[in-house]
Structures are given as structure tokens and as C-alpha cells.
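Right after this note come the structures.
What follows is a pair of complexes built around chain A, which joins chain B in one and chain C in the other.
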Partner chain A sequence: MKVSFPYMGSAIVYKKLFEFLEHEVIMPPKPSQRTMDLGVKYSPEFACIPLKMVMGTYLEAIEKGAKVLVTSGGHGPCRAGFYGDTHRNILKSLGYDDVEIIIFDAPQDNWRAFFRNVQKIRNGVPWHKVINRMYTLYRFVQKLDELEKMVQKIRPYEVNKGQTTQIWNQIQEKFDKIKTRKQLYKVYEECKQMLLNIPTREVDEKDRIKVGIVGEIYVVMESSINFGIEEILGNLGVEVERSLYLFEWINDNLVPWILRPKRFKEIIKKGQRYIKILIGGHAVETVGHIIDFKERGFDGIVHLMPFACLPELVTQSLIPKISKEVDIPILSLPIDEQTGKANMLTRIEAFVDLLRNRKRGKTKEVFIDNIQEHVQEERVVMV
Partner chain B sequence: MKEIYIGVDVGSVSTNVVAIDRNVNVLFKTYIRTNGQPIDSVKEGVKQLKETLGDVEVLGVGTTGSGRQLAAAILGADVVKNEITAHATATIHFVPDVRTIFEIGGQDSKIIIIKDQMVVDFAMNTVCAAGTGSFLDHQAERLKIPIEQFGDLALSATRPVRIAGRCTVFAESDMIAKQQFGFSKAEIIRGLCDALVRNYLNNVGRGKNLEAPFVFQGGVAANMGIRAAFERELQTKIIVPEHFNVMGAIGSAILAKDYIEKTKARTNFRGFDAADIDFSTSSFECKGCSNRCEVVKVSMDGKVIAMWGDRCGKWTNSL
Partner chain C sequence: MEKKEILNSMKIAIPHSLLYYYYFPLWDTFFKELGFEVVDTGPTTKEILDKGAKAAVSDICAPIKIFTGHVIEGLKVADYVFVPRFARIKKPEYFCPKFMGLPDIIEGTVEESKGRVISPIINEKNNENISSLRVYEIVAEMFGFSHREIRLAIKRAEEVFERFKKLMYGGLSCEKALESYKTGRWEEDLEKIKKDGDVTIAVLGYVYDVYDSFISMDVIKKLEALNVNIKTFEMIPQKVAYDNLKHYRKRLFWTFSNRVLGAGLHYLKDPTVDGIIHVTAFGCGPDAIVGRFLQYESDIAGKPFTTLRVDEHTGEGHMVTRIEAFVDMLRRKKWAKVSEVLQK
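Coming up: the complex of A and B.
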């Protein structure tokens, strides 16, 4: 089967999944302006940006020859649960009758449908091989996420601007070639060393700024739609951690309940202090992570929300209260098809200024002092 | 020879250039319409500065606003800073006990919350521009009233009229409806000012604790109608600083001054000849990797002097 899937975050993981199931994989292109144009053109106007970008991705994948599109469905009341069906209807209306969409809804909602889908994509690969390879993939995701977390901690202090990102790109290429578990561990060690070899500046612990990124999964994970926020913050000298990593998502959603790490339950519990019921769109998780980041000593939160996403709007309206009670600055950024970066940069820079001020103490002298440091950073960007 | 620091704020609607001395006395200020030509307006501003002040020694240059990178490349700036920090810096200098700054510009409107002379919170209009100067501009044009007379006309109204303020499209149809009812232009404009202020406080100020003293700045602060609407809504006096429409530029000049004084660095300023140099910008899509960044390239007399927009630094670092 010529299989493709939505592009989100480190898409090589999904590619690996289907390679392990011996499919012919059509790698969807990284979302670009063209993806957006296509998606916006063929999606309902009121839909949020993830639906549109995924629509565009599907159309580009079909252009490259994809016949089967595999995607996740929804769980709970967020309308993302309808997106698979919406995409299917749109494709049908465009005349792609031969393209099949396989939607994986949360297994606990309907085990039978889940296994039917698994049978479909298993592609006749014997079960013992499937299990063995899925375990390899599980470790693959884990190692890739570990490296990405390192990237996010090294980037703000790199001496040569852009080097960490370049190495991260190389790492992803290396991972793309991995076939076995043995290779995986070997490549992982190599890549780790590559990252550790990046020359960095010594920065005092009290001058380190840490920002947590929370919000709806697509806009948090997919850098092409969030202006590359992790890199922007990293280049401003800020350490970043996301609320969502694929490995954790797999643990939280796909690993059988008894084997799940406790962390996820704790996050939900923290979130339920403010949102009692599940309203989808990672709203409860977002709030839970805000509190969690604060407890772990982070300095600020960037909250990414797709424009017109209802669960995120609920979160946004709670944010002033949370920010005050938990005492952490939170910047909400709505994300839609606009590409004007200036406005976004202004907010992010001002937010980082604010965080530095808070951290360093509250005098005017400090206010000036940290600006200089920042100026130098910006001048590097400026040539 | 006078020693000065230059501050430049390149916004979507206006480009402001100021010169301050060591004690932050404003020696020169100009407010030029950007008209979509930021390079020309920056050159024009600097040229005016030179003509007005004569022989000066420039000790430092700061830029801010959405065109800050471009302006910095043209002039050779020492400090490139976002407009929220720049506005706060200037306001704290002129009104040291300020707690809340209302800043309404052409495209963006902001609220900045200050405590102990430090920015503790801020907000900007999110996706729509219904609470900004462009909205007023557009309505003035539609009613065929010069924007300069807009405020005075609003003040002359005797009856309040309620206009829907959430969105320009709704506001416009509501205004037309009220015109059909027989309300005068003055009354409708007053209603529009009220609507804009209501919308701004509701939208941008959502969830913020707004505390006096309030300072109102940005181009729209010239509008007496809006000022009055703010005072009606907040039931208190709001301060409009003397240099209300160039505060961002003053702030960036102060930041440049502080930076130079503290580091004793020499300025990168290109000199006043920059106004005669031919600058041009272009952009291209880098195909080096799947990111497909849009890279902006600034050339001076045909030679590339600055590039930005590439996420990996391939082009930025190539100079």
C-alpha cells in the first residue's frame, strides 16, 4: 500500500512505523506556504488551522502517489474528532474516490474498530515481527525525543549561531536511515556526542531562563506553523521544553493503562484544579502542564492556540487567573494562516525581557543591564 | 558640537525619528507617514534631523517597531529592540510612577502594565485590528472627515450613540443604521470613539488589573475624542505625555544611550550620508532544507549588508 500520514513534528517516526510494517511510504512534504494555500482553499473557512494544514498535506501526499492516509482521530468533545471524516468527505468531493483514510480513534472508546484498523495496516506482517519492530520504534521515539530535549537546552548557549539546529537536522537524517535496534543505540550515542561537542557559553544558573510551551498538539509539535517558536526562543537565549513529546504521547495514549507512567495522571489531576471535565483539545493537559512547569522552576509559559479552537479559548480565559494564582507569566499566541512574523516576534521578545527582569530582581539598573545582553544577542542575528 | 543619540521607530503607519541629548532632552522629533516605503521614510527622517540640528556628533542609534531590523541595517544601529520595551522605557522616564500604558498605533494596540518601574505584564491586540488607528482612519475616510478633525467633532456631540465596536464590519453597518435613524456625524463619531475604547479595554485589557496612573500614547492619543472616551470609561484622568506620538523612538534612543554609556562602545552609525545611499531589499526562498525559510536581503549600493529570516543561520552568518 502507498501509505502517507499528516506531517507533525519529527515525521520520520511515522515514516519508520510504516516502513516497519513493510508499506511503501510516501513521505508527506514538510508543511509550506503551498500546503497552507491548498489546505485553506479546500477546507471550511471556520475550521482551525490544524485541519487546514493537514488537508493541504493530504493533497500534496496524494499528488506524490499516496493511496492510503493514516491518521489519529479524537477522544472527547473536541471537534478534531470529526476531522478525519471531514477530510474524507472533502477528498471524496474532489474526486479522490480511490484514496482511503484510516482513522485511529482512542482504542478504549471502541476496541473492535481499533483492531480492525490495526489488521488493515498490519499488512500481513507476522505478529511476532510486528511486536518486535514496534518495540524498536518505541525506543526510536524515546531516543529521538531525548536528543531533541538536549537540543532545546544547548541551543540558547551555542557559540556559533545556528549550529545546534544544523546538527539537529543531521541527527534526523541519521535516524531516518536506522533499520534495527542495535543501529539505533549506536546512532544515538554518536548523535549525543555530536550535541555535546557543540561549543557553548558558560551561563550562570541564575541567568538561565526556562520557558515551557503548552497548547494544542498540532501547533505545539509542528514548527512550520508556529514560526519555529522553539528556535526563536532558543536564539534569544531561552531554554525551552514542550508539554508534548511523541514518546510521552505514546505512553499516555497507546501503552496499556497499567503500564502507563504516573506522570500523565498527575498532570491531568493538576489541570482539573481549573477545568473539571475533559473538553478535548488538550485543554486540561495545557493547564496541568502550566502548573507542572511552574513547580519545576520554569520562568514563563508560551501558550500556543489555533485560532478559533474552543478548548484553547477556554484555557486562554482561565489564564489570567492561573497566572496570578500560580505566579508565572503566560503569553498566549493565537495561530492562524497569517505569516506576518513581526508582531509575533515583538511579543516574544518583550516577554523574554519581562522574564529576565523578574528573574534578576526588581531595580531599574537591572532593567538596563539585561537589555545590553539582549542587544548583543540581537546584533548577532543582525550581522 | 552637540552630542546626540538617535532613536527610530518604524511602524506600519508612521516612521518616527528623534534625537535626544545626554539628559534625555528631546532636541528633535519628526513623524512621517511610512506609506509602505520604510527605507525612504527612514532616510527622510534622518535627513530632516540633520537639516534641523546642523553639525552634531551621533553617539548611538537605537531602532524599534516592526521595521526595526531594516532600519538598523540602513543606519547601523547599536540597539535593536521590540516596541513594548522601548515604549515602557520612555514612559517610565517621563512618568516615573506610571502603572498602565495604553498605546494605540496604526496596526497594533497594546496595554503595558508597569510595577516599580518594571514591565510586569503586557498584551497586544490579537488577530484583528478593530481597536487601532487604521480602523479610525478608515471610518474617517468613509465619513469624509479629515482624521485631524475627528476628535474635536466627537467632543461637540451632545447625545451618546451606541455603536457595535467588535469588528469593523459590524461597526460599519451599525454606523450606517444609526445615520439612517438621523443621528449627526458628530454623534456617530463619539459613539465610534466609545466603541473603540470599550473594545480595546475589553479585548486587549482582558483579565488585566488596570491601575492608575494611566498614560495614553501612540498616534491615536492626538485624538481628543478617544481621550475623552477613555476618561469617561475609566472615570479618571489619563496622562498624555508631551511627546506621545514618538515615545517608541525616544525609548529606543534611551536604550541606545544606556547601552553606549555602560559599555563605552563606539557607535555603528553609518553617518548621515546613509540618506544618500541606495538601499534595496529583496527576499528569496532558501531551498537548502525542508524549512524553506523566506530570507530577507538588504543591499547597499548593490552590496549585500544584511540578511535575516533563515532559521539555521546559513545566510545570516555568511556575511
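Coming up: the complex of A and C.
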């Protein structure tokens, strides 16, 4: 089967997954302007930006020969649960009748459908091999995430501009070639060394700025849509950490509730200080992570959300209040196809300035207001 | 003082927005039975809208901005405002995330609301009447009622609500049924339903879009002035609406979206309905999907379909022209059909 999948964050992990299941993998290209244009063109106008981007990715993957697209579903209450169905609809109406979309909904919603999907994906690989390789993949994700976290801590202090990013790219290429667990551990040690060898500046603890990135999963994980915000911040001398890493996401979402890490439950609990019940998407986690980052001594938060994202609008409504009560500056950035990079950059720079001044005790200001970016349009549409 | 007397001087504002249009008779009766004075914040005005829009985050949908304005208004005139948290009334569906986080949104954007909102969590497995004791326990807690008192008030409220629903199933739009409730004319009004128009249009959309004069600009009244008969989703009982959705692999996540869609499918099959107008607020997430489905199904059924997507900046004249054009088109189509039959 020529298999492909949505591109999000560390896409080599998904590639590995299907390689381990002995599929022919069609690697989707990293989302670009073209992906966006394609996605916007063929998706409903008022769909969320992740839906549009994934639509574009699918079309590009199909161009490269993909026949099966594998994705996750979701069980609401947000629109994400309908992504797969909407995509399928659109592909059909474009005449791609020979392309199959396999949607993994949460197993508890429909066990039978879930296992049917698993059987299809398993591709006849014997179970003991599947289990063994999945364990390797699990460790693969863990190690890759560990290295990425190192990257985020080293980049702001590198002596030679751009070196960390360069090495991170090399690391990903090396990881791409890994086949066995033994190789994994060996490559990991090598890569770690490569990172530790990067020459860095000594920076005093009180001059270090740390920013946590929170928000909706796609815009947080996928650098092509968030303008590579981690790199931008890193280059401005800021250490970053995201609220979401693939390894933690797997632990939080794919293992049964009772076995989930305590950390996850604590985050939810912290989030419920402001949003009392789970409302879909990542809203409660977003709030939980803001509080958690503050407690861990971070200096500021960047909140990323797709434009008009339902749950994140609830979060955004609470941001001035949280920012004040928890005493941490938060920059909320809505992202859509019209968001301009230059504008983003200016706002991020201003934000980092604010954080620096705060750290040096020059200002107590906590909250930067959102600049309204969207021009007023003709608002009656009858079609 | 007797508890009743204390409460008599206690005012609770019910914001005239969102599910007010559907549940007001229920809540009004409930609080009055307990001895509160209920204040209705009244139809949306420009002022209310502006206040709400200023307090709310800029990208949020118009109905939430409007609701926020009503809360601000309510806090001026009453001691408490009622801001229910709708999670679900039918398993396994939910409400739009903004409904689920509504009290949180209010807490974040309206400072004066602190400690002055009554926010029951509505999380019912299958109970459109939202009448279980659990929902209103918070009222008992806040004001010291016994469970028995609450239960009696709910029972009374539920009876009123059932009667109210019957009016809608009888063919009164939600707004007219509300009026019948408020004036106490009740069933009398059923006789006054307009049936003599020469075209019939199903106007579909959430009650807070269709009946908010700022969102839909009174589309129903404007249509009626053009001699059109109106059908709405409230006239279709929940069960009937859902029966129409049976062929879908997966229902939508949102109860009222399903009811709008289900009613739409019902009206598409109804030969007396000539066309469909979908009223939706700018920035509504669920409607991006509902609208697409309705459009698709109308195409298949071969019935004229149009979307009215408006918000606080819409020009009224523009809308009137569009509606007139749509109605004219339906008329022409109908006459073409009639003359075709006559010529045979």
C-alpha cells in the first residue's frame, strides 16, 4: 500500500511507523505556501486552518502517488472529529475515487471499527514483530523529543548563528535511517554529543529568558504554519519549551486513563481553575500549561491558535485575567492564511523586549493586547 | 423576614440571548416559583451589542459578543445573572465549546460578574427539558432552598415548558410562542398562524441567530411582509429531526446543529416548502459544517437554498434586496410550474 499521512511536527516518526509496518511510504512534503494555497482552494471557507493545511498536504501526497491516507479522528466536541469525513468528501468530489482515507477514531467509540483499521494497517506483519517494533518506535519518539528539548535550550546561546538548527537537521536525517533499537541508542548518544559540542555563551541565570508555547496542537507542533516560532525566539536569545511533545502526547492520549502520567492529570487540574469542564480541543490543557510554566519559573507565554478556533477562543477570553492573576505576560497569536510573517515578527520582538524589561525590573506590565488584524469585510453573503 | 420575602426583593437577570429564546419560559417559571423577581434584559440594542463587543475578544462569534452585552446589562439591573453552562442534553453529543465554557468566558471578560453569576452545569444524558434536580442543585446551595422546594419549582417549570413546546410543534415560531407565553394568550395564538402566503420558506438556524433582531435583522418579519409562510426547526420535534439523520455515518457533535440539519432534511422532503434560508452568524464554527451539509442536500433535492450570514456590521438595505430577490425567484419558479401543469 502506498501510504501517506498528515504532516505535523516530527513527521519522520509517522514515516517510521509505516516503515515498521512494511508499507511503501509516500513522505508528504513539509507544508509550504503551495500546500496552503491548495488547501484553502479546496476546503470550506470557514473551516479551521489545520483542516485546510491537511487538505493541501493530502493533495500533494496524492500527487506523489499516495493511495491510502491514514489519520486520527476524534470524538468531539470540536470540529477536528469531522476532519477525516470532510477530507474524504472533498477528495471524492475532486474525483479521487481510488484514494482511501483510514480514520482512527478513539477506540472506545467503536471498538470494531478500530480493530478493522488496525488490521488494515498492520499489513500482515506478525503480531510479535509489530509489538517489538512499536516499542522501538516509542523509544524513538522519546529520544527524538529529548534531543529537540536540548536544541531549544542551546539555540539561544550558540556562538555561531544558525549552527544549532543545522545540527538539528542533521540529527533528523540520522534518525530517519534508524532501523533497530540498538542503532537508536547508539545514534542518540552520538547526536547528544554533537549538541553538547556546540560552542555557547555563558549567560547569567538572571538574564535568561524562558518562554512556554501553548495552544492548539497543529499550530503548536507544525513549524511551517507558526513561522518557525521556536527558531525565531531562539534566535532572539530566548529558551523555549512547548506544551506538547509527541512522546508526551502518546502517553497522555494513547495509554488508558489510569496509567496516564500524573503530570497530565495535574495539568488538567490546574487548567480547571479557569475552565471548569473539558470543552474539547486543548483549551483546558492550554490554561493548565500556562499555570505550570509560571510555576516552573518561565518568564512569558506565547499562545498559538488557529483563527476563530472554538475552544481556544474560550482560552483567549480568559487570558487577560490569567495573565494578571498568575502574573505572567501572555502573547496570543491567532493564525490563518492571511497572517503575515512581518507582522508576527514585530509582535514577537516587542514581546521579548517586554519580557527583558520585566526581568530587569523596569516594568510590571503583564499583558500585551491583541492587535486586530482582520479588516472588515463585506458581511452579508448570500450564495 | 420570611425567606420568600427576602427573595422577593432579589432580582435575577436572564440575558435575552443564546438559548433564552428556547428556555425562557422554563427558567422564568422556575425562578418565579421560588420567589425571585426575574428581569429580562430585553431585545438586543445597539448599545448592548457595543458593550459586549468591547468586552469580548475580537474574533469571537457575534452571538457570544451579544450575550456578553446582555450580561453587562443584567448586572446593572439585577443582583444576579443567569449564565448556564450547557455541556449536553443528549448523549453522546455536546454543545459548541463556547457554550461549554460560557461562564468561564464571562468570568474572563466581565469583571463585575464576580460572585454574581448563577451557573448550573447542564449535563444530561437525554433530557431536552433540562429538568433534573442535579442541574439546579446549585440554586439550592446558593440560596438555601430545600431539595423539595427546588423539585416542586422544576416540576411546575417543566409543565410550562411542555406546553410551550406544543405551541411550537403546532406551528408557532419560537419567538411567537414566547410572546404567547408572556401575554398568557397561549393556545389562542395558534389560530393566528399565517397560512395564506403564496410561497413557504423554511428559515433554519439557531434560535439566537434567527430571532436576534441584530443578527438576522428580523428576517422572519421581513419575509412575512413579503407574504411568505414560515417554517422553522423548532416546529419539528426532536425525534422527527433525528429520524431524518439516520443515514449519516456519524452525527454532528452538537445537538442544536443536528436539530437544524434534521429539520432541514425534513423540509426538503416537504412538498409545501419552496425554499430554504440558512441563517448563520459570522464566525460560527459548527455552521461551517451544517451549512455545507444543508447546501449539499438541497442541491440533491433540487430546492433553492441560500445562506444569510450576517453580523454586527451588515447593512440592512443590502439584505432586504437579497431576500426580495430570493422570494421573487421562488415565485417565478412556482408560477412556471403551475403554468406548465395548466398547459398539459
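Definition applied: the second predicted complex is superposed on the first by the 357 of 383 C-alpha atoms of A that agree within 3 Å, B and C clash if a C-alpha of one lies under 4 Å from a C-alpha of the other, contacts with A are read in each partner's own complex, and residues count from 1 in each chain.
Please note the rule applied: contacts are C-beta pairs under 8 Å (C-beta built on N, C-alpha and C of every residue); 3 or more make two chains touch, one makes a residue touch a chain.
A quick note: this is a predicted structure, and the numbers were derived from the prediction, not measured.
Applying the stated contact rule after C-alpha superposition, one finds that A:Ala47 touches chain C and leaves chain B untouched. Using the contact criterion defined above for the overlaid structures, shared-chain residue A:Val159 touches neither chain B nor chain C, since it reaches no partner.
Within the superposed three-chain model, A:Phe307 lies in touch with chain B and with chain C [touch as defined at top].
By the touch criterion defined above, A:Pro329 reaches chain B but does not reach chain C.
In the superposition on chain A, A:Pro320 contacts both chain B and chain C. 307, 317, 319-321, 334, 372, 374, 379, 381-383 are the residues of chain A that lie in the contact sets of both chain B and chain C, per the superposition on chain A. On the side of chain A, the complex with chain C involves touching residues 44-48, 75-79, 81-82, 85-86, 274-277, 279-281, 283, 307-311, 313-314, 316-322, 334, 370, 372, 374, 376, 379-383.
Against chain A, in their complex, chain B makes its touches with residues 66-67, 69, 72-73, 78-85, 92, 107-108, 116-122, 124, 126-127, 206-208, 255, 258-259, 262-263, 289-292, 305-308, 310-314, 316-317, 319. Contact residues on chain C toward chain A in their complex (touch as defined above): 56-61, 85, 87, 92-98, 100-101, 103-105, 107-109, 121, 123, 249-250, 252-254, 282-289, 291-292, 295, 306-311, 313-315, 318-319, 322, 326.
For chain A in complex with chain B, the touching residues are 29-30, 32-33, 160-163, 165-166, 169, 224, 228, 231, 307, 317, 319-321, 329, 334, 336, 338, 342-343, 345-347, 349-351, 353-354, 357-358, 362, 364, 367-369, 371-372, 374-375, 378-379, 381-383.
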